[in-house]
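So, here come the structures, one by one.
The two complexes that follow have subunit A in common; it is paired with subunit B in the first and with subunit C in the second.
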Partner chain A sequence: MLRSIFYKEWIKIGRIAILLTAVGLLLIAGIYLTVRHDLLLKDAELYWYDIVYQKMIYFNIFKFMPLVAGLLIGLAQFVPETVEKRIKLSLHLPINEEEVVLKMLGIGTTVVLTSFLLLFGAIYMWGLVYFPVELMQKTAVTVLPWLFSGLATYFLASFVVLEPIWKYRILYILTGGAFITLFYKSNAAGAYQPILLPLLLCVIMASISSLFSIYRFRKGEM
Partner chain B sequence: MIPKLSRYLLVALTIITLSYVLPNIYHTLFDTRIDTPYIAYSTSEGEYYTYGQRDGKTVFTDRKGKVYTQQEFMDKTPLENFYYHLSKGTFPDSFAGVKLIPQQLQQESFFQSVEPERLDIPDYKLNALFESQPEFGLTFSKDYFRITHRIEFIDAKTNQLNQEKSKQFTAALDAEGFSYPATIQAGLPTLMKKRDEGWFIVDSKEQFFHLKMIKGAPFVRKVPVPAGLHFKYVLANDFDADEFYATIVTTDNQLLILRKKDYSFIKIPIEGYNAANMKLAIQGSMFNRTVIVNAEKGLQLFTFNRDYKLIDKHNHPLPLKSEMTIGKVAAAMFPFQLEIASPYTEFLRMHFDASNTWAWILLNLLFVVLTVVLMRREGKKISRGIPDLLIVALTGIFGFLAVHIIPNKQY
Partner chain C sequence: MDNIVECRNLTHYYGKKLVYENLSFNIRRGSILGLLGKNGAGKTTTINIINGFLTPRSGECIILGENSRSLSPAVKAKIGFLIEGHIQYSFMNIYQIEKFYSGFYPNWKRDAYFDLMSKLKVTPKQKISTMSCGQRSQVALGLILAQDPELLVLDDFTLGLDPGYRRLFIDYLREYAKSENKTIFTTSHIIQDMERLIDDVMVMDYNRVLAYMPLEQFMSSFRQYNFDTTATDLKFGKDGPVVNHERVKNTVELYSYAKEEEVRSYLDAQGIPYQNFRPMQMSLEDAFIGLTGKY
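So, the complex of A and B:
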């Protein structure tokens, strides 16, 4: 059963997930080719100076990439389910309804996480070619909340899309949007260090939100 | 069961979000400005003069509240505003038997600010060590150093360790008994300074060192630390006054300077300072030093002679937002607020700031009654809505909105 669900979900999100990961990797390639160019052509110590003392974030262009990826993967996976209420078919399978939705979510989450892990690995490992580990640790602490926001956006997108009533969808979008701003409160590299764990807990709290939408759908909310 | 759990998780998340967003919207719309006045200690008059705002107008007063014109204020502070008196030709020739030379007055003046938001910041723990005695002016070092299990220099161009220099400087630190790693590194990594004094470093045993590079070779000096001193911040300076290398704040909020002539730590005896949520400034002149402690509740000024013996002090209270209408309304509306960013740190931290009054209980009860009315109108059983009512009772406006945004239909 899991294989069949995986196949169905992969048809919906496989291509877009691969495309978004490729775009992300290209973005990272662009970032590091620029870094290489600047280190070669300018005074390398001044480039480091801008990062270490002037709060320059050389990878700032990556900031909203995970958010967009999470949103698009979430929409690609769940919008087709709401067209002509196709989700009904999945809910009528001879297994527990919550289990079906959790499996769908699990597959989507695995795809999003795999993509993010690849992007995170690329940004961290490639950076070590040009910068010492101290600098890359700050890079990691800065990128992590952006990746968390991508994951949270994926969960919230599924929650909003599966919600049957438009009035609530709008309320969820407003609250969800306000929640997502918490991941973009500082432009200083490393500022999120003390708050990473609480934010991750918040993301985990949002992870099963679509079960609530499905519950309302099943109870016949229109 | 799981849908219920998912709903309560969503309600909790909504409460967290609203407890951050709603107070922020409120403060953005209704915040009021609190003007912090400029207060000068007049050496000639032995009096504090305040240059502040009252009802939108600039007002000059002394500490007894006597009002002066701007001209009178300038005349009362001839040494503090000596540039003005030089331009007007009213600069005094001497004061207290000392001949006044404008260049000397300028040279002896300094201003050291100690601002927590510029000290409690993410630190890369990588720093640039300049040549302190260059042949042709200060230049940037080509490498950055880290002090972990030894001192290591990393070339910025190649990202490779300079092994030879690392060994040479590690040996110099070892010879002075350095205990790795470094916990604090304070320097002035800029070319906008007259001379380079290298770095002041605190090691893992709270020993204090001065590290410089002179003609390519290490200069390390271990500075004896008075017993019981625990360093929190060290700020290096480049003042013409040439009196002290650095300003030190300890974990128990003592203020000290590291004197240049004998590497001794001199305590500046101030009271009521908390580095976590107050700004501080040391204003120096040819005749005295004034420390200004800027807290939310007011300014405290301590004036010392050049041997740091207290001459005078003054307290200037500021209106507290929590006692103004904006603060009282917020305290009554919001039982708590989620704070993430703080004006006293660059780090983000999550903490719930509880209301300082109990007035919010009234509003919370009102929201509970409103929730009961709405539940009745929708034909819901009150007995099945008790968890929601408890949430509203505890979290007030946030919970009320949350349980309605994430609705609890009773099927």
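So, the complex of A and C:
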């Protein structure tokens, strides 16, 4: 059964996930080509000073990439399920209703995480060519909240799309939007280090929000 | 004969709007029950309750021995469900959708699906979304036949179908149901052709059931009489034999379960002048309109 669910989910999100990962990798390539250019052709000392003392984020252009990826993958996965109330087809499958939705979410989460892992790996490993490990650890701490926001956006997108009533969808979009801004409060590198764990807990809590939408659907809110 | 579906005292509201109150019905194993009603009469609500998508305000439906509010995967596997408008995963093609569903049903009958698909003029990679409504109906039907369920729940399956596909769908379905002893619960607001399919009929109007009996009994006992009258103000009491009437200028169409003599006597007793009194032949659609009214 899991194989069948994976098959369907992959038809919906496979292409867009690959495309977004490729775009992200190109973006990272662009970032490090700029870094190389600046270090070789501009003032390398000043560049180093800005990164270390001014906490400049040289990869700032990557900031919203995970958010966009999470949003688009979430929409690609769940909009086709809710158009014409097709979610009834999934809920009618011979499997527990909550289980089928959790499995769909699990597969989507795996795809999002795989994409993010590749992007994170590319940023980190490529950065080691130009910067010491200590600096790349700070880079990792800066990127992680953005990746968390991408994951949270994916969960919130599924929560909003599966909600049967537009009035509530708008309410959830506003609340979810406010929640997502938490991940982008600071522009200083490594600023989120002390609260990474609470942020991760918030993301985990958001992961089960879709079950509430399904509960409302089954209660007869259509 | 045992019942596959037993719904008892179903009452449901949307907000404060009553859909129906104390609706009870059974579906015998191997029979085909048609729930007929106008738009908004509560047909899809009943389907949603049976499938467990909706919890009624009160009452319950027992489907294959289980309450519809908490159907087990094993029972869900025995229920084939066709959504209004033959909705399916339209982002897939006919091979992908077969591969997807086959993973859920151990007794999947692949040949039954592809037999039907071979009659469609679709290309192997054509997505369901680009197919005609008729072709989509055959895909949905093929998937149900492959699932081989005990109970088929079909929500307004005639919607959007041209007469040819409608006839094809109905003939295929009836032949399948009768040869395999399947039970069908179907709704429709298009009554044409339903006569060819159903064994039992339930006619719903807003908030109430107007008729619930075997189709043969309904068609033989519910009658239409036409007559001409000069009476200007026609009113029939609820306690009399008249179920409904429509008037076009001086001609009256009168609907009743009573025999001709009884209706004539009633008109005489009411002092209603009439001439050219004649019983009319009715199709199921005529009877439905006679019972529910044109508006």
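The rule is simple: the second predicted complex is superposed on the first by the 222 of 222 C-alpha atoms of A that agree within 3 Å, B and C clash if a C-alpha of one lies under 4 Å from a C-alpha of the other, contacts with A are read in each partner's own complex, and residues count from 1 in each chain.
Just so we're on the same page, a residue touches a chain if its C-beta (ideal position, glycine included) is under 8 Å from a C-beta of that chain, and two chains touch if they have at least 3 such contacts.
The structure presented is a predicted model; accordingly, all values stated were derived computationally and were not measured.
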item: Partner chain in contact with A:132 - subunit B first, subunit C second, else both or neither; value: first
item: Partner chain in contact with A:175 - subunit B first, subunit C second, else both or neither; value: first
item: First (subunit B), second (subunit C), both or neither touched by A:219; value: both
item: Contacts of A:116 with subunit B and subunit C, given as first, second, both or neither; value: neither
item: Contacts of A:3 with subunit B and subunit C, given as first, second, both or neither; value: second
item: Partner chain in contact with A:148 - subunit B first, subunit C second, else both or neither; value: neither
item: Which partner, subunit B or subunit C, touches more subunit A residues; value: B
item: Which of subunit B and subunit C A:58 touches, first, second, both or neither; value: neither
item: Subunit B and subunit C contact sites that coincide on subunit A, given as residue numbers; value: 219
item: Footprint of subunit A on subunit C - complex, ascending; value: 14, 48, 51-55, 73-74, 76-77, 79, 81, 83, 85, 87-92, 96, 99-105
item: In the complex with subunit A, residue positions of subunit B that touch it; value: 2-3, 5-7, 9-10, 12-14, 16-18, 20-21, 121-122, 124-128, 140-144, 146, 154-157, 159, 189-190, 340-341, 346-350, 405-407, 409, 411
item: Touching residues (chain side subunit A, partner subunit B) in the complex; value: 39, 43-49, 51-53, 98, 129-132, 134-135, 138, 141, 159, 168, 171-172, 175, 178-179, 181-182, 185-186, 188-195, 198, 202, 205-206, 208-212, 214-216, 219, 221
item: Touching residues (chain side subunit A, partner subunit C) in the complex; value: 1, 3-4, 7-8, 11-12, 80, 84-86, 88-89, 91-96, 217-220, 222
